[in-house]
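Some notes on the structure that comes next.
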Amino acid sequence: MMNSIQQNIIDNQHNMDVRCIVLAAKGNVFSAGHNLKELTAEQGSDLHSQVFRKCTELINVIHSAPIPIIAKVDGLAAAAGCQLVASCDIAICSDISTFSTPGASFGIFCSTPGIAVVRAVPRMKAAYMLLTGLPINANEALEAGLVSKVVQKDCLNDEVKNVCNAIASKSRAVITLGKKFFYEQIILDISTAYARGEQVMVENLATSDGREGINSFVEKRPPQWSHKG
Amino acid sequence: MMNSIQQNIIDNQHNMDVRCIVLAAKGNVFSAGHNLKELTAEQGSDLHSQVFRKCTELINVIHSAPIPIIAKVDGLAAAAGCQLVASCDIAICSDISTFSTPGASFGIFCSTPGIAVVRAVPRMKAAYMLLTGLPINANEALEAGLVSKVVQKDCLNDEVKNVCNAIASKSRAVITLGKKFFYEQIILDISTAYARGEQVMVENLATSDGREGINSFVEKRPPQWSHKG
Amino acid sequence: MMNSIQQNIIDNQHNMDVRCIVLAAKGNVFSAGHNLKELTAEQGSDLHSQVFRKCTELINVIHSAPIPIIAKVDGLAAAAGCQLVASCDIAICSDISTFSTPGASFGIFCSTPGIAVVRAVPRMKAAYMLLTGLPINANEALEAGLVSKVVQKDCLNDEVKNVCNAIASKSRAVITLGKKFFYEQIILDISTAYARGEQVMVENLATSDGREGINSFVEKRPPQWSHKG
């Protein structure tokens, strides 16, 4: 499953007609995390290492994809499934969704999911989820920052479409440079971030779609993106 | 506009009678961000650089001002206007206010606003705002941490007065040392922050208003601040 | 009081029958912070230094305890009392609880409480609390991330029991390694955190309770923890 998601992102991310990628599931489980049968002692430490390395690799692929990766959650996201949600660029969920990191109940503390979760939600909420394994509901997830938006179950498709359309209405090249700098600046101290951010803004304005966007605004007409920067 | 705000802060921040500064707007736009006419290709990269450098400069002036700078928002705060709100010490907004970073719709991704926004709100909310350009409302802004407080439109003046009075009832010198250390410690690792914080507390107690505050408490009387530390 | 809490944690944290520690108060004040009579000029800077050093020491003891430390708040948590809540692993509070950092009103800015508070809640909320001294209520505290959960006053005991039971149902050794890595990874950059996290997961699976947890899941039976890792 991890290989498949990763390969699908890699294969499609440079297709100019693909403007964002939505991760969704059939049925009422978004993802319950790792297959615990791969984590038995019989499978051995080498396989365990491979499984967790692959998971990190997938998350890096999501972060470095040139287009937004959106989690569409309609049900349970647990353990590495919760990590996956927290690692997407945007997460939209239905009001029946729940989120948990219950690994400790199965003897394996959600240490790697916790890396993504505590960078998405307040420490007090992350520690509660990790130490108790208890689930939080969709509204708690929104309040905590684990998801971007919650909507009623029957509005989920429309809301995701809304988000995709908002992204698709912009220049692909501008979204790519914006996403790239967003993750770049998060880990910088604020002064370095601004010094670099000023340059990025000036470079953005010098691209063909940067110029077109400003011109279209000044000329009061819709922009015609080249999507090529 | 940026020059004017900056100069007004600099000119008034050392006036002992000024205890905090409120940034507000006439009408229902707090700030829609940069003037896009300054960002056309004709104006040239040098002017673009100057504009963004000035913006960072203004934000540094807000952070280093010895008194609190409060955003009073009653309407739209977009792009660099949203950055300005996120960069104030305190932000109070009315319930009709909205916040967005829609630059990508005009070909210029809100890369510098994103620096302030992602340091104020959860990453999942910041990425949603930046990648879609869609607005969030006042309650979403509060929930996310972009503003300190939301009140009904007709209570906004009173609430801002309330905050200003709370600040004005304290020693100016103590507020100044407190704000200074607050931004100093945020960027330190927690151990260094505590080591330095312990010193700051001891130094604070040794100031004249530190001694007066403790004495007034022990003697069960109102404090008489010198405001001079 | 600080000595007593610290000593009680140290004395009990390695008792295998103790699975978590709950900090609670009698009456409607969880903690109003430092005793200001210890902070008068007469007491002298050396005592002031000792008081704040002890406070940091206590917080380090909470962080490094091998079992979760839970704040059960049913009333006021102010100044260093608010810092104490923000420094626990989990905080559960009743709906009548309030939280504030009003030190500046007594001439002593809550600089050290601010270190814990701004690492728990959005910067905009922390600055509001510190600069105005105004209290926030239980729901605002939850929304901001200062507490993990809010319940009605008459449900507080049950909710804390619920959390304790959730922790006690797991392997003590797994909770210990999970808590330890949680605080370790928070301060790492995300790549280093994942590299280290992958190792921790593999090591966790190789412990006796890691193996037992996975086996019990595969064999569809309740786990029998050794609690010894």
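Just so it is clear, A, B and C label the chains in written order, and each chain counts residues from 1 on its own.
Here, a residue touches a chain if its C-beta (ideal position, glycine included) is under 8 Å from a C-beta of that chain, and two chains touch if they have at least 3 such contacts.
Just so it is clear, the structure is predicted and the values come from calculations on it, not from any experiment.
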Proportion of interface numbers common to subunit A and subunit C (over half same, under half different): different
Rotation in the CA alignment of subunit B with subunit C, degrees, nearest 5: 120
Separation of mean Cα positions, subunit C and subunit A [Å, integer]: 29
Per-residue multi-chain contacts in subunit C, two or more chains: 119, 121, 143-144
Of subunit C, residues touching subunit B in the complex: 36-37, 39-41, 45, 48-49, 52-53, 56, 59, 104-112, 114-115, 118-119, 121-128, 130-134, 143-144, 187
Contact footprint of subunit C on subunit B as seen in their complex: 68, 86, 89-91, 119-121, 142-149, 162-163, 166-167, 169-171, 174-175, 177-179, 181-182, 185-186, 189-190, 193-195, 197-198, 200-202, 204-207, 209-218, 223, 225
